[in-house]
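In the two complexes below, chain A is the common chain; its partner is chain B in one and chain C in the other.
== the complex of A and B ==
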């Protein structure tokens, strides 16, 4: 242990790692700079600020929208909807997945229904859900819950199935009751797979929310993008699109963080 | 399948159990729908008769065909860019380092978020839909291709360069064949995403462009929602969306198995 610590402190190793980190940041910035310059040039040649505004105009729009807090308001609305949806989806999918993974009979009863519904994407539910829920919060939440449900369920089932039989048998041999086996053996062993599933759920529901809000919600990032398109305010449209990307990235990072906190042994 | 003696009985019982839940859901749905007294409430029997109507009048098959054409066009564009780019990124570190930031920056932007821009640039017709599909399918294909090209057994690479092959030849003769299964997975995921994206794009175009004649199954669903309020027909469309998704996935799996019999997926 002492040796490893000494090795980590060895100056050339540390500086080399730091230098490599600094270089990748530099390469990242360089690529994005090239992208922005090309964009600016094309925008300049096109000289049509509605079709293709310059990067500067988009920056300006983003700053203005941020100062009005409009950018953050819509981002928060979308984010909150996703949290609620994922909470509902997990609350149904995780217990269901545990039961399906543990009981063959239960799996045989439920699985065909799941497989019948799964190919119907969340987005295909939008017209029907629009009719049932109307325009409002309920529609995007329903669509996202539906979209997030399947990855979480399938990941849970796979995780439970992959639990090492010997662990369960060992616990049983030691006289551990079934309940405790589930909570102390099966759940921890299935946790890494569950966390991957949750990340997938975040990704699919994030894609679905934009579509749901674009069509049937009075607020949120998807709504804002479409609102500014109708006003032909392209810089604002692009600012909101960028926000969708940033928040999508943040959500993925958060899901990874969750995995590091709850299942630190799962990280590579 | 498993042709062991008792297996047939077990299979039949499992199938019976599997039918239990969908069948009871259908029965409860039918009973509730009939009890509600509202003739608009969709019930399974009406869904079936609507399905027969829509197929017989060729409306549904034509709409699906139009959507599929767009999916194939967008998918082809995506694959034509993503596969070579992914191979280059996987094979050459310098390409990877310089292009990866761009790919990773755009990847979290959901395809539908691009739709307003696509409408602005290309109108509400096929071109915008194809752009959305291409954007959606691009990322899974590129990411999987890069992973496949990077995951090539380094011993093979070293052997090839020991034998004095040029870098380009190594790409052609070692990296491409080794990355094929991963590319196949990327194409399959990309196709699934593309189909979801076309439905979303057509729905949104229908909703936001005043139901202009963009056609396709998504547009059709929106018309049933907004103009003629026919919930039975909407459900028929939903089922059709699911069936097409399933068929596309099976088709690509089959194609992969034929193209690469050595990889078991």
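== the complex of A and C ==
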């Protein structure tokens, strides 16, 4: 870190880094341009704005929705739900995974249930959840918690099991008590894999958001997509879909940032 | 001349070394008595790692175990550390059977096992903060002890770096400082210099002897059991060298190293040093050759 800061003082290194950054942006724009041109071409040939609006129409819709703050309102609602869901999922999955990773016996008791539930996708629970929770915040939060739970759990278990045996032995030979070894060796040693697990949890719970909000919520990106679909306003639908993609990307970046902050030794 | 002298000493040490060491016997710090270790693997024949291993290590002695790879050196060390239990015989510290790891026996691992999320300072102070070694110390005293260990191994200026930012030699120093910070009575070292380049290795051999206290009287030194596969390293460091043989791991010979202390570069150049190295090599050579062929 200190080295990076020192390098930043060298103008040649800094300009080179900037040039490299500019080049990667250019490559990105070029790829996007191809995509947009093909899209515009197909839209033009099809000439049915309900089935496939032109990129310009979608852009216009996005700008209008942004100006009304409608785009941001729904994005914020979905994002907040995901944060709550991940907090709940982590609060259950991390201690459970820690216990499963540490104790074979406990793992053998819990694992069959986990393996039975895991293949059932979050979406499959929506009808039942609709009975239980009705339409509101609870349903999408439940579905997203469920979706994010498994990657976090399995990642934690794997992380705890993969802790370098030597580190535990080193602490044991210093006479460090068992409980302290768990909190001061096993947990920090498993932290990098836990961060990867959290990133996977973010990804799966974000993919579940649309499905959950499509049916069971009075707000959010999924709700907005469904609302404008019923109105046959395809440009607005696509603007919201694009927002789901962008926000998903931002969430992944945030999760990576979290990993760099909490486990800086593992990010190289 | 020297060659034969060494030979005689070595051969005399083999059959009745127990009897020859009767006085040392009473002040033995560590004892391994008829120790054996078998590893049971489900569905396969049990493999014998160590068999009929008997050895006393005196208080303040620097004992080095050498042997070809796979001879059970590390298993012996792990049993002394309490990380593995023998399947036969007894392992004792001051006459008390070793039942598990404890702060009286500090271990330095081959890959150092430094905590990657802790700085050098954090690693060195880990045992003081979380183990019994520092429970009687105030935070200030602990910090002072950590600082003195940093000074001892010459890591000043790197205290706040993380292990991945250190060179191999510096990591080794950090691991050594962490080991001595807990002030164990016995230091157990598993090939601590194996991963270093030749020059760093020579320097750290000198450092190791300095930290062990080769300039001090023997009574104030700590007991060391050190494992290596480098014979010159063994001769340079040791009061006695235990030569192990493989399949199963047994004690083949116990060789006194009567080289004067403090030892330095002159020691490495002396004919006695060469003769001892040659002699130990002659004990291992056949097995080492066989190991490279198969």
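Observations
Throughout what follows, the second predicted complex is superposed on the first by the 246 of 268 C-alpha atoms of A that agree within 3 Å, B and C clash if a C-alpha of one lies under 4 Å from a C-alpha of the other, contacts with A are read in each partner's own complex, and residues count from 1 in each chain.
The rule is short, and it goes like this: a contact is a pair of C-beta atoms (placed from the backbone, for glycine too) under 8 Å apart; a residue touches a chain by one contact, two chains touch by 3 or more.
Only a predicted model underlies this, so the values are computations on that prediction, with no experimental measurement involved.
Considered on the superposed chain A, chain B and chain C are sterically compatible, since they fit side by side. Once the two complexes are laid over each other on the shared chain, residue contacts for A:241 go to chain B alone; chain C is not touched. In the superposition on chain A, A:191 contacts chain C only, with no contact to chain B. When both complexes are overlaid on chain A, the residue A:103 reaches neither chain B nor chain C. When the two structures are aligned on the shared chain, A:15 is found in touch with neither chain B nor chain C.
Look at A:178: by the touch rule set out above, it reaches neither chain B nor chain C. Of the two partner chains placed by the overlay, neither chain B nor chain C lies in contact with A:48. Once the two structures are superposed, chain B and chain C can be ranked by residues of chain A touched, with B on top.
After superposing both complexes on chain A, the closest C-alpha pair between chain B and chain C lies 5 Å apart. Contact residues on chain A toward chain C in their complex (touch as defined above): 164, 166-167, 169-177, 180, 184-185, 188-189, 191, 263, 265-266, 268.
Within the complex formed with chain A, the residues of chain B that make contact are 14, 17-22, 25, 97-99, 101-102, 105-106, 108-117, 119-121, 195-196, 199-200, 203-204, 207-208, 221-222, 224-225, 229, 231, 234-235, 237-239, 241-243, 245-246, 249. Contact residues on chain A toward chain B in their complex (touch as defined above): 24, 27-28, 30-32, 35, 50-51, 105, 108-113, 116-121, 123-128, 130-131, 206-207, 209-211, 214-216, 221-222, 225-226, 228-230, 232, 234, 237-238, 240-242, 244-249, 252. On chain C, the positions that touch chain A within their shared complex are 81-83, 100-103, 105-107, 109, 111, 113, 115-117, 126-127, 130-133, 162-164, 182.
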